[in-house]
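Shared between the two complexes below is subunit A, which has subunit B as its partner in the first and subunit C in the second.
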Partner chain A sequence: MLEPHGDCGPHGAWFALMIFYILRRLLFLPLTLFGISLLIFLMIGFLGPYQRLATFINSPERLKGADVDKLVELYGLNDPLIIQYGRWLKNVLRGNLGWSYVGKEPVLSAILKRFPYTLELTLFAAIPIIFLGTSLGVLAALNHNKPLDHGLRIFAVVGWSFPDFVFGLFVLMIFYGTLGWFPPGNLSVWAEEIVKSPHFRNFTGMLTLDALLNGRFDVFLDALRHLAGPVLTLTYVEFAFLLRITRSSMLEVLRKEYVRTARAKGLDERVVIHKHAKRNALIPVATVSGQTVIGLLAGTVIVETIFNRTGLGSFIALASQQLDYASIMGGSLFFGLILVIGNLCVDLSYALIDPRVRLE
Partner chain B sequence: MREETRKALRRLFSNASGVLGVVLLGLFVIVALFAPLLAPPKPGRDPYFMPVVTWSADPLPPSREHPFGVAGKRDIFYGVVWGTRTAFRIGILVTLASTAIGLFVGSLAGYFGRILDEILMRVTDVFMAIPFLVAAMVLTTVLGTGLDKVMIALIVFSWMYPARLIRGNILQVKEEQFILAAKSLGVSDTLIILRHVLPNAIFPVLIQASMRMGSLVITAAALSFLGLGAPQGYADWGALLNYARNWMLGGYGATFKYWYMIAFPGGAMVLFVLAWNLLGDALRDAFDPRLRW
Partner chain C sequence: MKEPVLLEVRNLKVYFRNDEGLELRAVDGVSFTVPPGKTVALVGESGCGKSVTALAILRLVEANGRIAGGEVLFEGKNLLALSEREMQRVRGKEIAIIFQEPSAALNPVYTVGEQIVEAILLHQSVSREKARALAEEMLHLVGIPEPRKRLNEYPHELSGGMKQRAMIAMALSCRPKLLIADEPTTSLDVTIQAQILELLRELQRQIGMAILLITHDLGIVADMADEVVVMYAGKVVERGTKYDIFKRCRHPYTLGLLRSVPRLDVDENALASIPGFVPDPLHFPEGCRFRGRCFLEDETCATEPPEVALGDGHVVYCHHAALSEVCHGER
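And now, the complex of A and B:
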């Protein structure tokens, strides 16, 4: 774990430590991924052999007219768990995650088709969260213990206490059910027809970006309208933590000697705050922002379900409701992979932007 | 009581939001304790299951007979009152169990260090790698429905947070003079951990437990909301909100008249979580003024 640390030490030594730290983290990456796969497999190990069969079949044709007992035998589902795990892992590494009953296609292609939607939602939510969290955090710190500070604090702690499904239902009730502004789903029916037509090319799988690249501004606006509700929900529920970190980081920096020196020099207060204080205060905020964005991916399970959106989050929720074990395993494995790699990137970039971090 | 503790308690009760948190929690405790009086169950029935009060699936607005209205054929007031007990039960049991496991693992890792520490920390990495809600969802699905299954799933995926915290604290405390003194006197490791190390690291754990209480109750309710946690008809705030979901998607222009389906169970949830968050905040301010925000 990284923690801010006072003295930097000689530059060369820091560089060597940095290399060592990166190598160590990269070395542990496959180990962690291996651990995740083991954990998920052990959980599924609670199931009987027939339920587990689903995770091996990669198309329903194979079940047609087949003797299920023979299939259980064929896939060795009565073997010791360790052997079964090895076999499953081999399949996973080949990209065979089984047949998704919910998606009516192989699990891997179901996941890859849905992931861009979830990523798009996450990125759109990240913009207001980071912007509001940091700017309101700075504002609160500059008005320390004044009414504005207290007001923001209350606003934030209430947002933090709002479960996303409660706030999401309110948003749906007000902005869809009453005002009709932000409809649920990913696209309106007319826009969906355009996207599915052969003239529309899928570049990224993200609807807004693809619409712009195809020059369909109307589809772009429609996709935005459908994103607004979930983005609003995620923003209010998630921005509080960032506000809090920014505020305390800013307060700490404002008490530092160099800020006092800058003020004593007679520098303009705006220059002191924006050039001296804010830049340093935002360093720890950068990591937390990264972690928040990664955390948002998990938040999509609820939000996508409430707003009836297609995506990885609603996919895994639906798979759990319908006991589609192949999709559950594949989906959670994918979530774990994204999270581990994302966190690694955040930690490494943090170590790079702030030379004061202690590399443990 | 130590002087320091007394001072911290005084700080806690001079903090407006801390007092608000304690008062809110007190109200919830009263509702939970007096549930049989506030919403009398039918004799001979399991009181934790909300009785069916109408035959039509349509929700009914608040009335004299059903002060919070009717959702999914069940009385919302009854569900909110008995759901308070469910929330407390999940929050307290899961927090206690996960903190106990976390204390044990964290103490081992922090005190003995080296290879054991490395292994245990990599294990926590793995458990923290899958998002909490997703992990709990998978385990609940595999174990089957029921509140006990939900609690097991939540415990399995939340012991890492107190474990990490206690490990960090022990690493700090371990270097203190009085521990080294006890060691050189030949006091056994177990006794050092129990008598000297843990008491000095316990307040951060309590503060974290209070802060985690909210997110645990939210996650449990989220599972019920998705139809995975509590069985059909169980008095649970998340399950009540689940009834509201389809009516909100029903079509535009018509949903606002169903406001009571969200407002009452949702309001109870928000206030419950808010109470724990306020208390946790105030506890931290009181016991660790350096972290005040």
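And now, the complex of A and C:
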């Protein structure tokens, strides 16, 4: 549809601007990560050297005959905090995040192995959250102050008010305890054996996707069955916020003059709503959706724990309980990375869907 | 001989319901006609119901309002009796409207071209390419420089005056027979105002549409209108030709309105104003609604004022139409 212009056209320039913006934002990434790591390291610094030594000792047997002070010396736990931080930083810059006692493997590989599970859960939860939140929000706005509107809002507020550990337990009780439909964990034992067998290739680390890529439809269904419970929980607890944002945004847009202009043109009410009103109403919703997804990536701790799922959330929860500070530091850095990149994506999408937003 | 009529509004009533459920009679029995190709100005203070009348003609009154009675005859057919789908074929094609605030009236997320093309595709069976060419032609017609480039621009990239020109281009893209211009220049600065009015006049000459001009600015009325309808508190108080209204108006309200316009040629210390305030639409007085502010008021005004025809379409709704002529000499 674009006809050739005399000049180079606005799109080339716009693209260059976009690249420039992304690069500039990424330049700030190391700075952010540095801040996060310093903060967490300082918090760990509040523990005394002996408390921290305890995290290295997994059985009292190991302390037999050993001089505790010598061990503290050996691990450098008595050095000034800044020196300890520098030592840690040097290792990180070499790509060594340390050894995870909780994962019994290097921190980096422990994180990379578990992250796909969390990502998978997040993506599966994001679909119904965004779909239900926006479509029911629009529906509520179109039925402003009618029974349907009130009903949807009550339904949403109830979900919003439920703590996820309470609703998660309800889901477990009903759908696993009583009905036996959605078991906890990531996979059934038989499916786990297939996944761990040498014939099964891990492409992405996400079970559903890998099962499909391997042509194992039964494993795919089993993975879905295990996802259903946590997805249901996250959806009901999280979609209310999007519904409320969508509803109020839509109500506001429906009062705008350009909606009246669209009607005055002779457009059908459906086109007025779905083309002219919704497109504008969803601009703030897109930002909130993005932040919800980012929040889920870093916030599945409780749901993963309740449903006994392997994932980054449950890994960090366990690491925190056992003061596995290499894992905590590594996990925090990873979450920081997700947050920064996720927010960048949200900002970029904002510029894509709202022509008034200029990247600066 | 009866003159031809494009639009006839007969006894139109639009009532709103406020949050307490009370009924506001915003437009209460308004009648006037618009001849083809002519400009009729609908004049009155803010809140007198002139914009609501305009929206009611297109049946675009907000959800808390309803058209409670009357007829809107466009080329003889009653628009109020049409189905919604039939009404959609009238909107934009036969009757188009432009609004006061062009920045708010254009959709910020679609390009100017897309919004004009959409209107063209809706009412004319042409290809998208042809519609785009037509849109470019319209932008050129309303005096937007570099129309091809502007097609791909978003509303926020245009100035206020350019936005109103784009709105006019969109409204006229299907060559409507009637253009409703609801305070089209109020939000623009004075030099741009003059340009837009000149443009409307020029386009009227080229396209031949009638204009229903809604305004509170008597200067614009004097400039643009052939006929004038004066509204007060939801009712028409007087209508006639521009000459009737400006030179021999008979309603005390019209007189007051004219006298409150600042004039350079008369040395006055203070601007004349109408005493009192516009009544609250919840508590309009019985009978003549101008009661309480009128210098001719007496006990007869408590009853509905009669329609007094003064010939050649000059009509005034006043018990004292005969008397008021005498007072007119004061001006």
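Operating definition for what follows: the second predicted complex is superposed on the first by the 299 of 360 C-alpha atoms of A that agree within 3 Å, B and C clash if a C-alpha of one lies under 4 Å from a C-alpha of the other, contacts with A are read in each partner's own complex, and residues count from 1 in each chain.
Note that in this section contacts are C-beta pairs under 8 Å (C-beta built on N, C-alpha and C of every residue); 3 or more make two chains touch, one makes a residue touch a chain.
Source: prediction; values computed, not measured.
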| item | value |
| --- | --- |
| Which of subunit B and subunit C A:A262 touches, first, second, both or neither | second |
| Touching partner for A:A298 - first (subunit B), second (subunit C), both, neither | first |
| Touching partner for A:H276 - first (subunit B), second (subunit C), both, neither | second |
| Partner with the higher number of touched subunit A residues, subunit C or subunit B | B |
| Contacts of A:F46 with subunit B and subunit C, given as first, second, both or neither | first |
| First (subunit B), second (subunit C), both or neither touched by A:D218 | neither |
| Subunit C residues touching subunit A - in the complex, by the definition given at the top | 55, 58, 60, 84, 88-93, 96-97, 99, 101, 104-111, 118-119, 122-123, 128, 132, 148-149, 152, 154, 156, 167, 170 |
| Residue numbers on subunit A that touch subunit C, as the complex places them | 1-3, 5, 10, 256-258, 260-269, 276, 279-280, 283, 353-356 |
| List of subunit B residues in touch with subunit A within their complex | 17, 122-123, 125-127, 129-135, 137-143, 214, 218, 221-222, 225-228, 238, 241, 244-245, 248-256, 258-259, 262, 266, 269-270, 273-274, 277-278, 281, 291, 293 |
| Of all residues in subunit A, those that touch subunit B in their complex | 28, 31-32, 35-36, 38-40, 43-44, 46-47, 153, 157-158, 160-166, 169-170, 172-174, 176-178, 180, 183-184, 244, 247-248, 251, 295, 297-298, 301-302, 305-306, 308, 316-317, 320-321, 323, 325, 328-329, 331-332, 335-336, 339-340 |
